[in-house]
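First, the structure itself, so that you have it in front of you.
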Amino acid sequence: MSREQRSLEWTPLLFSGGLAFLLFTLFIATMFGEPPMRAGAMIQQAGGVELGAANLVTAVVLGYRGLDTLGELAILFASATAVGLVLSTQNGESDKQASVFPDKIFLGEIFESASRLLMPLLLLLGFYIIIHGHLTPGGGFQGGVILAIALFLPALARSGEIPLNHATIRLVEGGAGTLFILIGLMALMQGESFLQPLLQPGEIGALFSAGSLPLLYLAVGLKVGAELAALLVHLSGESA
Amino acid sequence: MVESIESWIALLLVGVMLSAALVALLSRSHLVAVVSVSVLSLGLTLLFVLLKAPDVAMTEGVVGAGLSSLILALALSRLGLLRSTKAGATDE
Amino acid sequence: MHAENLALLVALPLLTAFLLQPLSQKFAVGWLAPLTVLVTLLLTLQLGAGVMEQPISSVMGGFVVPMGINFYLDGLAWLFLIALQLSLLLLWPRGEQGQSVRVQVLMLLLTASSIGLLLSGDLFNLYVFYELLAVATFGLVAAGESRATAIISFRYLLLSGVGSVLALTGIALLYSHAGTLNLGHLAELVASGELVLPLSAFLLMLLGFGVKAELFAVNGWVPEVYATLSPRLSALLAGVVSKLALIVIVRLLVLLFPTPEASQVLLLLGVLGVLSGELAAWRAQDLRRMLAYSSMGQLGVIFIAFSLSVEAGLLVGIMLSLHHLLVKPGLFLLTEQRFQGWSMVLFILFALSLVGVPPLPGFWAKFALLTGLVSAGGWINSTALVVFLFATVVEASYLFRVVQHYHQERERHQERGRAAVSVVGQDNSGVWISTLFATGLLLTAWQIQPISDYLQQLAVQAGDRQQLSAIVVGVTEGRP
Amino acid sequence: MIGLLADLFLLLGGLFLFLGALGLIRMPDVYNRIQAGTKAVTLGTLALLLGVGLHQPTWWPKLLVLAILILVTNPVGSSTLARAFLRSGIEPWKKGGQDG
Amino acid sequence: MMEMVLYAGAVGLLVIGIAGLVLSHHLFRQVLALVIAEAGANLLLLLAGYRFGGEAPIWSEGSFPSVMVDPVPQAMVLTAIVIGVGIQALAIALLIRVRQQTGTLDREQAVIEMREALDQELGRFSTAPKPRSQYAPKGERPLYPVVEEGQDAR
Amino acid sequence: MIRFTTLWVLWMLLTGSLQWSELLTGTVIAALITGLSQRLVDSGSQSDLIFTPRSLLSLLRYLRVFALALIQANLDMARRVLSPSLPIDPAVVEVETTLQSTLGKLVLANSITLTPGTLTVDLQQNRLLVHWIDTAVLAGDQQGEAALQLATREIAAGFEQHLKGFLR
């Protein structure tokens, strides 16, 4: 007992000291001034022509570093799965009292009817942001989060009632991820590389431009929306 | 002139963010801590706008200030941390 | 079969993982996940045919290298890919835990991320795969049966979170100096002297990626996690997955930071790891935590090995890693049930090899380290040598304490005229898999000469920066 | 001319927001603070949007959508907050009462 | 001046976050500290590609800006933010479970509970079939739990 | 159908362009969301709105009244906040409404919140709970039914009369 407590006091001190040293060296090593832009400059020159995306960040996220995005989707997926695993294996007894929405914290009729009004609006906004991700700031992640919040709103208003059943969420989860990989694999089948952009880049600035990037972003948006909706549903105390 | 205004805004935002971080870790009420983290995210969002990263700013705004705060608020209520504010630490 | 199919190794497990949950509502899909791993194993075998002569590189999306992400398969990566996928197939969770679709999904994500970690040639991409590996592991730890899974998984998450924040900081620092994150491109810049990277970037990334490699100072999670995971998963994590993070660190060291300072940091942390790990193992009071602590110590030895000069270090480090990869899973599998006669034989075999008794491969690996340290000279290396020898003695003492204890227990049972064990209805598969690992160990002992020649070749290739950048650049220039 | 008008609206918006903030400080209890906050923030933001719209005429459709969103969400949020406070037993301030 | 301020802000957030993570005694605060540290790391990563006087990397009025900030770190920060929120959600879920399993959110208390649970349970995984004797002294346990009930190991 | 049209118009506002690709995408997405939200939110909001030529007129009239009230509210609030004596006398009163639809009640509640001196706190069936910042009009001692009538007249009636033109 006493040994444990002492070791608990001891490690933080050691760690903080090491950390302070590390950050000190970090600050010494930090470069002030213009960072070299080796990869970035190449992308700046090639990006617009190669991919036809008006938003270069989108070109990087879905084109040049598409694999990172796939990995990130997988992380969200892993996180949602793990949360489901952690919170669905409950002992039962504490399950009921753990729900966030006992009836008395019902948020009121005003909120409920407003949430009904807002949900389609937010869905629209989410889709707008996803679909115009290659033209303007925003894209799959941001729009996906908005989709998730839109789907969660009715749950918040109506005592934890979930508008989508879990099967649907799972279907979208799996389907969107599959879509992303399949778009990537299609290029591979044609003898190109994995995740190589398909279709023509088109005219910069038009909605139907940048080849397959909008499709990829749609997949990303749906996936993010579904994962986060699942996460929120789990965290708010609905058992799967 | 424009440069210096941006510098001052950056200074202000960084100040707000650092103090929000300190409040988040030192305040006694968990609710105040969660709110401070949201404030921190908001400051970061504005800073990203200042740094010419609209995409990142949007993400940080939606994810950090929105979703993450929602998750933390759910956690507060689910973990029963709203009531456990110690006596004397009222935030009114 | 063209090199672009490298991407399939990551894409296929991910695809199956995404599909598994929707499919599981209609069909029984228990076989689908291991089948995917089998497919990727076959694919790996096919891709790796000529890899010893000519490593292959594939660019995701077909973009020129510093812009896009590339996968790079050389002999080292190939060897560990095979080891990884074989271990996954052997140690795939079965029984009650394996029934859960979610566990299957997490295992698939673990597979994909491990493969990605071996193949990826881009630092940030490595970070992403590393995080995926971490999240999948948290889920698997939390799925355990113990009463303490949640807090253990949570502490692991926090430590790992600090690690990834540090790694991200290191990557940011590196990017602000270099403007690129591709390992091949960076290696080229560093080799030509155009770029000098700050050591603190290495330190930060070392601590970040070191969490999974059981590096000292960030290995607090090891005993707790291995004690609650099922023996199979412990075997998997301790055996293979820790080596993957190790290889990432080694690549960083060899390609980007070929300075004596970086090696010395590694040596220092390795020595501390050996001391703390072995002493804790000596004091441990149950078998699983003892094995976990000793794993920390042995990883420390491997870090010491890699801190030697590039060629020798790589060779000895790879030898020790492979040895640990065979022995540790075998040992963890034996804890699945109580010892019987046969499992005791296996335990003694593994223990002998671990300590380094001559005909077994452990001896050769340790001997190589010994000669390496002696020939390197200097007081630091001498200290490491002393610590290493001391650790071997400690190791021997606690391993044989287990044997002795077992022996006493059996005698007491026999005095009372009862069978030492009754294993009716128990699943013996753990022991059989362990036997397979032991067979591998013995085969290695038998074929030690060709294997060490092969490893020599491998080490030379892994240390060859010119070849790496030539191939990465070579692939890119042929493309639009 | 239009630029000047736009600046005027921006300034007006800022003024209303400032008044709202002042109200937050001066009002005695949470309900009155919400009262002050909601109205000032709504109108202030609308004025800001109008100002921006005059500066950038091509943006007005988007700004219109924003205005609708603000008009819906702002009062609803205030009502929900006020309701939550009332439900959790916080008494409104009375003129005669001594409680601050 | 601006860059000094920004770098100091990022490093400051990192330090506050990590120090808070190490020093705080409440598990929920540790999650918050991790969020703060992540924010600092993200800011630092973004700064790695910032060019003073650069424009956002977006096509406007017929061309890309001639001097623009590096889009690559922006894309990476985007990824890092989303990864961060996934991990945060998982941490919260684990906390909910921790509270169910151990009934506490205090760090020291939870660790003690964990060690006790581990000490009790590890007999199950060991070579002997029965849990260890209740008579065995707590401090010096045998390597394996005792074989038969009521019978001492040595 | 109404929801579809509304969403489609909103999409057009968001994009602010008339390219055929935008129009097409907007149609698809508006249809999708209409279908989705129809299934998810089972409200009979189809009948909330009244469509006659006169309803458009009353909508416009309502908007005018509302805008004036909003500005007046701010001036009123500014006066109260800036005057040193803080002239407020708040109380919570109940208000009755004859509007039937959820949308109608929502709009009414929002209007009340945004207009001088009042804040909707809660809504139950046809009663609104309103926080009123200056209850001097109530002349102090009025209770029960009389107060309800008075408050309804003072607070809600002005909007209701116009709202009834286009909402149920």
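Read from first to last, the chains carry the letters A, B, C, D, E and F; within each, the first residue is number 1.
As a convention for this text, contacts are C-beta pairs under 8 Å (C-beta built on N, C-alpha and C of every residue); 3 or more make two chains touch, one makes a residue touch a chain.
All values derive from a computational prediction rather than experimental measurement.
Contact with both subunit A and subunit D is made by F.
Counting hops only between chains that touch, subunit B reaches subunit E in a minimum of 1.
Taking each chain's centre as the mean of its CA atoms, F is the chain most distant from subunit C. Averaging C-alpha coordinates per chain and comparing to subunit E, the farthest chain turns out to be F. Inter-chain spacing, taken between the CA centroids of subunit B and subunit D, is 21 Å.
Centre to centre, using the average C-alpha position, subunit B and subunit C are separated by 39 Å.
Centre-to-centre spacing of subunit E and subunit F amounts to 46 Å, using the average Cα coordinate of each chain. Counting partner chains per residue, subunit A shows two or more touched chains at residues 11, 15, 26, 30, 35, 37, 39-40, 43, 55, 57, 64-65, 68, 71-72, 75, 78-79, 82, 86, 98, 108, 110, 114, 117, 121, 137, 141, 231, 235.
Annotation for subunit B: residues 53-56, 59, 63, 67, 71, 74-75, 78 touch two or more other chains. Residue positions of subunit C with contacts to 2 or more other chains are 124, 128, 131, 135, 138-139, 142, 150, 153, 169, 173, 175-176, 179, 181.
Every pair of chains that touch is listed here: A-B, A-C, A-D, A-E, A-F, B-E, C-E, D-F. Residue ranges of subunit E in contact with subunit B, taken from their complex: 1-2, 5-6, 8-9, 12-13, 16-17, 20, 24, 28-29, 31-33, 35-36, 39, 42-43, 46-47, 50, 54-56, 58, 68-69, 74, 77-78, 81-82, 85, 88-89, 92, 95-96, 99, 105.
The part of subunit A that touches subunit D in the complex is made up of residues 104-105, 107-108, 110-111, 114, 117-118, 121.
Interface of subunit D with subunit A (complex): residues 69, 72-73, 76, 79-80, 83-84, 87. The residues of subunit C lying in touch with subunit E in their complex are 124, 128, 131, 135, 138-139, 142, 146-155, 157-158, 161-162, 165, 168-169, 171-173, 175-176, 179, 181, 224, 227-228, 231, 285-289, 335-339, 401-402, 405-406, 409, 412-413.
Those residues of subunit B that touch subunit E in the complex are listed here as 3, 6-7, 10-11, 13-14, 17-18, 21-22, 24-25, 30, 33-34, 37, 40-41, 44, 47-48, 51-56, 59-60, 63-64, 67-68, 71-72, 74-75, 78-81.
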